[in-house]
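You will see two complexes here that share chain A, one where it goes with chain B and one where it goes with chain C.
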Partner chain A sequence: MITQEKYRSKAKKLLADGSVKMVIGYSPGSTADRRRPLFVRSFEEADQLVLDSNCIANLSGYLVTEGLLSDEKRVAIFLRPEGIRSLNILAAESQLNVDQIIIFGFDSIGREVSSLSGEHAGEFSELISSIKENPPEKSSEPLLYQIEQMNPQERFAFWKEEFSRCIKCYACRQSCPMCYCRRCIVDSNQPQWVNTSSHTLGNFEWNIVRAFHLAGRCVGCGNCDRSCPVNIPLRLINARMAAEVLESFDHFAGMSTTQEPVLASFKKEDSETFIL
Partner chain B sequence: MSETFEPKIIAFVCTYCTYAGADLAGTSRLKYAPNVRIIRLPCTGRISPMFILKALQKGADGILISGCHPGDCHFTHGNYHARRRWMVFRSLLDFMGISPERVKFSWISAAEGGKFADLINNVTEDIRKLGPFDQYKELIMETEAPATL
Partner chain C sequence: MAKIGVFICHCGENIASKVDCTKLAAAIGEHPGVAVSVEYKYFCSEPGQESVKKAIRDNNLTGVIIAACSPRMHEATFRKVCAEAGLNPYLCEIANIREQCSWVHNDNDMATEKAMDITRSMIEKVKRNNKLQPIEVPVTRRALVIGGGVAGIQAALDIANAGQEVVLVEREPSLGGHMAQLSETFPTLDCSQCILTPRMVEVAQHPKIRLLTYAEVEHVDGFIGNFKVKIRMKSRYVNRDVCTGCGDCMVKCPVKKISSEFDCGLGKRTAIYTPFAQSVPNIPVIDKASCIYFKNGKCKTCMKSCQINAINFDMQDEFIDLDIGAIVVATGFQIQNTAGYGEYGYGKYPDVITGLQFERLATASGPTSGKILRPSDGKEPETVVFIQCAGSRDPSKGVRYCSKICCMYTAKHAMLYAHKVHHGKSHVFYMDIRAAGKGYDEFTRRTIEEDDASYVRGRVSKVWLENGKLMVRGVDTLLGRPVTIPADMVVLATAMVPQPNAKEFAKTIGIAYDEYGYYNEAHLKLRPVESSSAGVFLAGACQSPKDIPDSIAQASASASKVLALFSKETLEREPVVASTNEATCAGCWGCVLACPYNAIEQKDILDRSGRIIKRVASVNPGLCQGCGTCVTFCRSNSIDLAGFTEKQIFAEVMAL
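Showing the complex of A and B:
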């Protein structure tokens, strides 16, 4: 509550003196434990902002909305540590200018919300390094461990079962801050790489392609996983990819605004044990 | 009499090294398994993961990707980029249940005609042992089946 009041008054101040044109935050959602994104443009609306432990969506994807930042005015946004990491990636991939972004950083343990100190992307590097050094316990994701223990046939059967439910609504893509391509590969029809009907084959291909495009970029905010209407555990695939780039290339997504994308860089001494 | 399974293998090769190596195998009259369909590309860096998925979608049982040794790339570092990409893509396929045994990678230079012939023979044998990729073929069949209402 204290944090909510603190950020409300900060939002009012910034909007009143014109130093930001918009504050992107949360408002009450359709049920008691849901929160909906809120785009505050004026001083009066700032009282609708809500901040509590139910504010879990990563809002950073709204920053790349076409035209939002093109007038070079500044925007403030509520971000959790993962959100700050995805902001770093967007900046590293030249999708936005971080100088235009004021961060209202927060995190929560249980129901307790605390604010993060700093308001510019560069000020959170220590926090992000500490997240890299202290990864979450493996036991927090028992299903991931379970899948890794299966043989390829069992794994294939597991994902076949999961993907057979996919209806290709692309909610995972729409909710993902990293999926900003104007034209997604799945929308390309000359050549058509991915079957667009929701056969399991096309669902497999779509989810593999999306996971590959997120390798080394996903920060694990869980937007895709939560938005999936048929509850496919998409976070597991992305978590596996994040673990892979960390192990193989010591790459932790979103460390800084100048971090080189992992698949657009290389080292001569990269591992090649799998090459015949 | 049961026929032995003849796998379909798609090889994506770079034109400067492995394709020239395959050419050398041919001009040296080396005999190798006829199961491989070679697709020539400018560089291993040009090979998109989509190509692998497309090959599987069209019924391939195995895939081979081959290019210049590190340091020999005609475009100076295309194969370094490719190597990173395959490291990640390979583990992704593995996690999705597409056995990494079916997707092979190698470096073959223009001078290694013998290595090319041996590699094709070995890969063909390995894939033959794995058998047809039935799990994936079931999915392909599903897309071809008439719609049920």
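Showing the complex of A and C:
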């Protein structure tokens, strides 16, 4: 509650003196434990802002809404550490100018919400480094551990079963802050690389292409996973890719606003285990 | 409506012995859009090519498939055939049914099936091919020659004498390279300096040659005909423009005991120095590491002695940017660090020396004025043992190759020794005598028969000092017994190795190298002087160990390649280049980073009032090499490669 009040008054102050044109935060949702995004444009609306442990969605994707930042005015946004990492990637990929973004950083342990110190992207580098150095316990993702123990055939069968439910609604894409392309590859039909119908081949194509597009970019915010209407554990694929790039290239997504994309940059010390 | 002609080549037996070409031609003839499907023994032959042209004209073909060998082999041949028959050459594709089919399969039926799949797949591709026009790029008619040894000198002179501009870059203070260090040269025994120094002077005075000594290539960008090169002019601390080379500074310099690199440690030099008396340009440099002023801020004796104030201790490195059309790499070699041969006592016994050190002893301009004297006591050696392959052809020391020149120079050394020390006796340990070259075998025979060198076939296991004599223990494999020869001096025929920074430098200019660091030619037999990068040519020992005649021949060959390139004002380039879709580009700049040729730049899309609507990636077709790296990176599929468009590749895949 203290953190919520602190940020409410900060939002009021920034909106009142015109230092930001909008605050992107959370408001109560359709059920008691759901929160929906709130776009606060005026001083009065700021009282609707809610901040508690149920505020889990990564809101950074809203920043790249076409035209939002083109007037060069500033926007404040509530971000968890993963959200700050997404923001760094968006800046590194030239999708926004971080100088326009004021961060209302927060994190939660249990039901306890705490604010993060700093309000500009560059001020969180120590926090992000410590997340890199102290990865979550394996036991926090029992399913991931379980999948990794499977042999390739079992794993293939597992994902085939999971993907069989995919209805190609692309909610994962829409909710992902990294999926900002004006035209997604699946919307390109000359040629139609990814089969649009919802059968095994097309479902595999889509989900594998997305996993590759997120290699070295996914921060594990879980937006895709939560938005999936058929509950495919998408975060696990991306977590696996993130672990691969970390191990192979020591690349931890979203370290800074100048981090080079892992798949487009080359370092002499890169391991070349894939060259036989 | 597509009218595709398919021409199935037997390649003699190469394809026909595994692939049933008649069956293939019949099956392909049924494929939608195929107007002609024929087979022939050799389509690359004159009548074969004529039959393709005739079929194109007679049937108004809209595309051609040559089902034959790899496109690397004959794509250019058949594209030319199509162009001559009036068909855009980029409407011709090769279906590789030799390297990728007949050569690698045993089962005839399955090979035939696979050949059908490969051919069908290419037919579907060619249906979607676009007519492409070659890209014309201007050629900067200025060559860069890197390395001022004999190969670089020859290449520079040949290009300049044909009227084209040359920039010659040498990292040492003087031109000359290793050849300037040599005494006399086999097989004619002309004095090395006497034949080299006039050419060095010619380079320096040539109106078409810009000579940059004590300079290094820092950075190379661009592509054939249009390289951008950055040169670092290392600070000499002596003004090149005013120094007259009088040498007063060198006489006055108080630091006189520095081991001379040019004399391989057998002579001494000062801190301000020229490598040798005939240096070109005859302008000294200050060796910062040895100079007293740079060590403790006091001295400047040379500055006081200079009557024209040419010395400037505040001089900084300077950079020169050059537009260059072609590059000749002639960076030469080094000799192997002989310290690896502990058993021969190099470094431990002063009278065990390398072949290059012997050259310095034997040359009139050397530290002993041409007298063969022992480094230890300055006495004339009565017995000299030469050990060949002291490094070469020895996998345990990391050099598996033959250094090529050692058999000849060892024979020359034994001969020079016999001429200078009449009562002396020389012994040569050898593995084989490799004297292939004009007048070479006659030369080694002369050493053995007229100059009384005793050749012992076998290796040396150990050299040790006993009662003032170097005891050389080896084996005479022809007699099958060990031999021990007491010697006054031992000369090691050290291996030639690439320059220590050869691999790093190859990365700077973007050429390939082998496991040792020698630069790779584009084709060992057919394109021996071209590097793997277009517009970069190789000359001399940077490619492989070479003697002087070979280095010069290769340098002249490189020069002729450069001149052929400079014979036209523009250069035609393959139109296989990438282009971006500005409507869908998300502007993440991954492609900009991924492009190995820096061919992609950011482009602003403006509205009518000049405001930026968005920024997108844009490919410079002049720089693009068509590698496709950007295409694979682009997440929104906003980049396409002409000649390999997504539609073409997709159709190819779907036809399988």
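In this section, the second predicted complex is superposed on the first by the 274 of 276 C-alpha atoms of A that agree within 3 Å, B and C clash if a C-alpha of one lies under 4 Å from a C-alpha of the other, contacts with A are read in each partner's own complex, and residues count from 1 in each chain.
In the analysis below, a residue touches a chain if its C-beta (ideal position, glycine included) is under 8 Å from a C-beta of that chain, and two chains touch if they have at least 3 such contacts.
Here the structure is a predicted model, which is why all the values come from computation and not from measurement.
When the shared chain is aligned, chain B comes close enough to touch A:208, but chain C does not. Applying the stated contact rule after C-alpha superposition, one finds that A:152 touches chain B and leaves chain C untouched.
Look at A:263: by the touch rule set out above, it reaches both chain B and chain C.
In the superposition on chain A, A:115 contacts neither chain B nor chain C. Once the two complexes are overlaid on the shared chain, A:95 sits against chain C while remaining clear of chain B.
Of the two partner chains placed around the shared chain by superposition, chain C is the only one that A:180 touches, whereas chain B remains out of contact.
Between chain B and chain C, B touches the greater number of residues of chain A. Of the two partner chains, chain B is the only one touched by A:197; chain C is not. By the touch criterion stated above, A:27 is placed in contact with neither chain B nor chain C.
In the superposed pair of complexes, A:271 makes contact with chain B only, with no contact to chain C. Residues 185, 193, 263-265 of chain A lie in contact with chain B in one complex and with chain C in the other. Contacts from chain C toward chain A in the complex involve residues 583-591, 593-594, 615, 633, 635-638, 646-647, 650-651. If you check the complex, the residues on chain A that touch chain C are 93-95, 180-185, 188, 190-191, 193, 213, 260-261, 263-265. Residue ranges of chain B in contact with chain A, taken from their complex: 49-50, 53-54, 57, 70-71, 77, 80-81, 83-100, 104-107, 119, 122, 135-136, 139-140, 142-143.
Chain contact summary for the complex, chain A toward chain B: residues 147-148, 150, 152-160, 185, 193-195, 197, 199-202, 204-205, 207-209, 211-212, 215-216, 237, 240-241, 244-245, 248-249, 262-268, 270-272, 274-276.
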